[in-house]
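Before anything else, here is the set of structures, which you'll find just below.
Two complexes, one shared chain (chain A), two partners (chain B, chain C).
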Partner chain A sequence: MTRHIRNGINAGIIFGIVTIFLFMIGFTTTISDLLGQLLRNGSSIAVMGFTPGIFDLLVFLFFIGMWAGISGAKKTPDKIDTWGTVLLSSGIAGLLHGILVGGLALLVGSLLQAGVTMTVYFAQLLPDAIHLFLIGLNATSAGSFYVIFFLITGLIGGVVARTIRYGSWRQNLTAWSKNKWQAFTAWPQYQRIRHNKLNLFVVYGLLILIVFLLPQVLGQYWNYTVGTVGIYVLLGLGLNIVVGLAGMLDLGYVAFFAIGAYTVALLTAPAPHHLMWNFWVTVPIGILLAAFAGIVLGIPVLRLRGDYLAIVTLGFGQIIAVLLHSDELTAFTGGPRGVAAVGGPSLFGISLGTPEGFVYLILLAVILVIFVTIRLRNSRVGRAWEAIREDETVARAMGINTWSHKLLAFAIGASFAGLGGVIFASRNQFTGPEDYNLMVSFNVLASVIVGGMGSIPGVIGGAFTLKGLPEVLRELENYRVLAFGALLVVMMLIRPEGLLPTSRRKMEIKELHDPDGKEAGETPGGKS
Partner chain B sequence: MDNIALETIGLSKRFGGLIAVNAVDLSIREKSIFSVIGPNGAGKTTFYNCITGFYAPEAGEILFFNKSLVGLSPDRIAQMGIARTYQNIRLFANMTTLENILIGQHHLLKTSWVEAILQTPRMRREEADALNEAMRLLRFVGLSGMGDQVARNLPYGAQRRLEVARALALKPSMLLLDEPTAGMNPNETMEMMRFIQRLRDELEITILLIEHDMRVVMGISEQIAVLDYGVKIAEGTPREIQGNAQVIEAYLGRAATAAA
Partner chain C sequence: MQQKTALHVHKPVGTYRYVQIILGVFFSAYLLWRLYVVLIAHPAYGPDTWLRFTIDGVVLGSVYALIAIGYTLVYGILFMINFAHGDVMMLGAFGGYFVFEALGAYKVSSSLSFLNAYPVISVILAFLAGMAVSSTAGYFLEKIAYRPLRGAPRLVPLISAVGASIFLENAAQLLFSTQRWDYTNPAVLNRGAGWNIHVGQGTVVVTYTGVLTIVVSVLIMIGLYLLVKRTRLGRAMRAVAENKSTAALMGVDVDGIISRTFIISGVLAGAAGVMWGIHLGLVYYYVGFIPGIKAFTAAVLGGIGSIPGAMLGGLFLGVVESLGPAVLGISFQLKDVIAFSILVLVLVFRPTGILGEVLSEEKV
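Right, the complex of A and B next:
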């Protein structure tokens, strides 16, 4: 009993604070505008007796209130909660939520009526925003309205939570989908397609064809966005080898990105060196220079572990950033103004320097990098990396030269970043020190962690989430960083292994069921 | 038959003012089962860490088939044929059973990273052979069918056996076991004893054992050395050790010796 009350109180306080926070930063106004456009194309006809803006806000708050109720009615492990206890905890959660928000409504409402200008203290508390929050009522009635509103939504949340948790439909649905899936996989046609390699090639071929046709229909803006995400995928896959596979925390990863970018920039641009080399010649140079930088940095620092390594690499990233900003080096790097008119790729006299062209180029690079990563991961080298990540001391005791394998991971990760940098600078036709700040390292690291350490689909998913979503959510521009932070916190709490974590390769089962494989059995225990 | 597998001469290791291992002389015959015992903190694990290269001894010499191990890196020593297990099991917890064993084979495989990317026929053949060998070891330690399970999810006894299998994958000529029966019930302990004897008899590996369970030590060792405060206070057959007054004193205190 006390457990349920405690759960309810916790959820109520948390959601109360969250809702107050959302109001204080002006999110309530933004979301109601957004929902208005989404639900009613921004029409201003009153809905169910409410002014449209207020209706939209209430829709949003309805879900928040329900969520508070669901969260309050936390499941007791190994026990079916009765309706009474569920409604008790969700009711307490809703009531507390309502009292906190209602109290705030009462406070700001009275202050507004007393003529206090609150924007002095909270920039977002404009009179309009407050009127919206008070849903057109006076302070007292708005306050009591919220108490009742959140109590009811909280109870609804409780009902929803219990129905979802214990309703028989849940088992039915699972059983139904399982049956259907088994029937589908047992279907002879499916079996034939599944086990015929030719058909698989056709499926993959179609997928690749679609991917390659996509840039033609996407248009300039989306091609540019997809390209940006692609470059982050390249960076993420490189850092994935260092952090995800070999387990070394590298915070200065942007340095290798910068080295790739400046290599192509300085070699192809008219100023400051007037070298004007062909783009394709500079690609391998950029990759090799980045890998070389990885080795040069790696030799002294790779005997460090964990936090110490993170600090040293962070320093390295900052050194590169400072060098690029430096006035002293203007003659060599272009200094703070950067390098303009970076050369683009062309093939047989046809320029590929269009957004579509770059999308193809980036796609090719991503496929190449994925190919290399998969091959390395499933080899002796990849296993050694993972062993080092799991337990470096034991890896050494198992005869693995940890130093050379860590250096290799660093160099290969750096070379992927170098490739990304080359494409990045060439696509922007410009490169400047501002492009290579600390945030790049953090963003890439975040996409690796959010996606799932060591997992290739994870890195791609992570890059899309962190680089692609903000582009899609342009409306929420002001909250991008907020959402970014919140996403990281929530992710680490509810899914610490990442969005798409790695699944281990099955080797024994495959061996046992492989009809073509040779008989694996010999005399057990024999001397080898 | 009387080849010496491992010999230490005046081996000493100190941590600040504490002498963890003090001028220890040992010589372990090839294909024997040799136990190192002693009260907690006697320096047994430090002794292991000196042999496997994780600690650099201040003085003394370690000879493995007449080759000095002092100053070599742990991975080099492992490659020369000394494999070990840990007192508190240290598997690669997030990798599968088979992957753990494949890592043990690391130094026996020759694929470079370039070959891995190109997947040359040689690399494919080597990987297939390695997998076969791993499956064989899996059966040898009785873990068939658990090859694709993540090591972390294995039951305790299976984790102990997997650790041995991983060590065997190095094809060692000497195996250092650090309390292999810790946390096991009498049945499992008996099974582990038989298993250790099988390792020596069938695979002809020299076994160096740290163990607290006296039934195990007395049951399978051919030679026993006793450490106390880093000093070797006795060495001999199980029978000799059981009757040694100094050993009883180290374990039970002076009063016990007087009573005996």
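Right, the complex of A and C next:
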């Protein structure tokens, strides 16, 4: 009983704080705009007696409230969840949630009525947003409305939780889908097609054909977006080698990206040096310089422990950023103003400097990099990297030269970033210090982690979700980076192997999370 | 934390050792030559300016020291870099800012606000608010982002910490916007006001805020030293840092102690944040990031895991950062590069820090 009450109180307080936070950062307003467009195409007809904006907000809050109820009614270990206890804990959760949010509505509403401008301190508390939040009522009635609203939604959540958890449909569904899948894979035709190499080539060929026809269909904007995602795939694949395969956390990855970009910019642009080289000549130079920088940074740094490595690379990235921003190097790198009119690629007299052309270029680069990664991963070198990632001492004992392998990982990862940088600068026809801030490193890191360390489909999927999805949902642009941070933490908590993990990595993580692995003698640092 | 078993993580062998020595000699020679140039051959600044740089450095260093202790405490116990520590400091700075704003708006008489009428109480309240905000943030940070990851591979909590740092920074950006806000100090603590000292031909201003910063940080450090050395909690903390499983067998509540360590490091970070605001003035969502990395540098510099090391490292880094550009004759824009270069150099050449790392053998 006390456990149920405690669960309810915890969930209520957590969700109350979350809802308040979402309101304070203006997320509730944004999401209700978005919901309005999705549900009603932005029409302004009143729904169920509410003004449309308020209706959208309530739809969103309904789900939050229900979620609070569900998480309040979480399973207790001793399995004594009757209808009564479930409703008790979800009801408490809903009530507390309501009291917190209602209290905020009361506070904000009365401040607004008293004529206090809250935007001075809290940028998102615009009068419009507050009016929306008060759903057209005055402060007191809005406050009491929220208490009742969240109590009811919490109880609904409790009912939902109870129905889902104790119904047998979930097991049935899993068993059914498993049966169907097994029947499908055992089907002789499927087996024949699957094991015939020729068919496989046909499938891949079709896929490649579709991919290569796509840029013709897409408009300029989408080609640009796909190109950006492609560049992030390049970066992600490079970081994937360093973090995912060799297990070294590199937070200064943007430095190599910047080196590639600045190489092509300084060699092809008319401005600071007037070299005006051909784009294709600068591509290998950019890649090699980035790889060289990787080696130069790597030689002293790779002897360090994992977390020291992270902070040193972060420091290196910051050094590069500060140098690019400063006036000291203006004569050489163009300083804070950057380098304009970076040359683009052309082939047999045809300029590839259009968004379509760059999409093809990026596709080629991605395919090349994927090929290199797969060949490396399945080679002696790749196995050595994975051994180093798992346990460096053991790897060394097995006769692996850990130092040179780590250095190789660093150099190859850096060269991929260099390639990405070359294409990036050339596509933008401009490069400036603002493009190479720490956030790039974190974006790439997030796409590698979210997708699954070491997994190529994971990296591609991660880049598409983290870089492509925000392009689709432009309204949520402001919350993108916030979501990255939360996503990194949440991924580590619930699925450290990533969304599309490699099978080997999945098994390793499972093994580590095995309760037998957590013996008393083990240090909390675990394996380094 | 008592038994000093400083280990070289990777013993430099062969050619690497020679490269290290040669580079070290070369670097020291260059530094001496620069010192000779700027002090004797072509003195760029008078003694008053040098004194001013040093004082600035000491003030800044005492703020770094407080943040660095937070890193070192957590690293000593969990062996992870609490990446979000700088952002915890930023939250504390905002806490203090809002107290000053509220007290500045609250009028005790027609023309006098509470802030100016009772400056001492106001400053104390601001520090308490900053510490409260930061320690709460530290507590929940540990509870949400780190505690479930005990026993996971080392990379996992580190990534989680990076994520928490990004989250906190952007949450603050969305809440308070990207604007840079000026701390409104009590009138007696106006930034720039202070005692004038005549040195050579010029005068040096020893600012009140600077003195306040140094005094408060020294008081806090003494308090922390007594806490760690003399109290039951401090003994438990040292036991957990030495060996968690043995400490648990001896009846120490390991999780509770880790929580309290985060609270203590949050208190220090909060104080540092309020000091930052009072002395340097500007507070914004990104304010904790750079000091965070620099304080980590300081912690490594003094030997991570060692509290006196963190204090010394912080002071050293502050002074070097403020004297460095003048000594090396480079632009003041590049003072961050000096700090980061020190970070890289120390980690590469002496990862155990100046005073030697105080970590028990199994942790390394």
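Rule of thumb we're sticking to: the second predicted complex is superposed on the first by the 476 of 528 C-alpha atoms of A that agree within 3 Å, B and C clash if a C-alpha of one lies under 4 Å from a C-alpha of the other, contacts with A are read in each partner's own complex, and residues count from 1 in each chain.
Everything below uses one rule, namely that a contact is a pair of C-beta atoms (placed from the backbone, for glycine too) under 8 Å apart; a residue touches a chain by one contact, two chains touch by 3 or more.
This is a predicted model, so every value here is computed, not measured.
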Q.
Quick one: is A:Val217 in contact with chain B, with chain C, with both, or with neither? Answer first, second, both or neither.
A. neither
Q: Return the chain, chain B or chain C, that is in touch with more residues of chain A.
A: C
(Q) For A:Ile319 in the superposed arrangement: first (chain B), second (chain C), both or neither? (A) second
Q.
For A:Met398 in the superposed arrangement: first (chain B), second (chain C), both or neither?
A. first
(Q) Contacts for A:Ala186 in the overlay, against chain B (first) and chain C (second): which applies, first, second, both or neither? (A) neither
(Q) For A:Ala387, using the defined touch cut-off, is the partner it touches chain B, chain C, both, or neither? Pick first, second, both or neither. (A) first
Q.
For A:Arg303 in the superposed arrangement: first (chain B), second (chain C), both or neither?
A. second
Q) So, A:Leu408: does it touch chain B (first), chain C (second), both, or neither? A) first
Q: Determine, under the contact definition given at the top, whether A:Ala114 touches first (chain B), second (chain C), both, or neither.
A: neither
Q. Between chain B and chain C, which residues of chain A are contacted by each of them?
A. 520-522, 524-528
**Q.** chain A residues touching chain C - in the complex, by the definition given at the top
**A.** 21, 24-26, 121-124, 243, 247, 249, 251, 300-301, 303-308, 310-312, 314-316, 318-319, 322-323, 325-328, 442, 445-446, 449, 478-479, 481-482, 484-493, 496, 512-513, 517-518, 520-528
Q: Note which residues of chain C are touching chain A in the complex, please.
A: 9-10, 12, 78-81, 98, 101, 144-145, 148-160, 162-171, 174-177, 179, 244-245, 248, 293, 296-297, 300, 330-331, 333-334, 336-337, 340-341, 343-344, 347-348, 351, 362-364
Q. Which positions of chain A touch chain B when the two form their complex?
A. 372, 375-376, 379-384, 386-387, 390-391, 393-402, 408, 412, 504-509, 511, 520-522, 524-528
(Q) Looking at the complex, which residues from chain B come into contact with chain A? (A) 52, 54, 73-75, 78-79, 83-84, 86, 90, 92-99, 102-104, 106-107, 109, 111-113, 116-117, 119, 123, 127, 130-133, 135-136, 138-140, 145, 147-148, 150, 166, 170-171, 198, 202-204
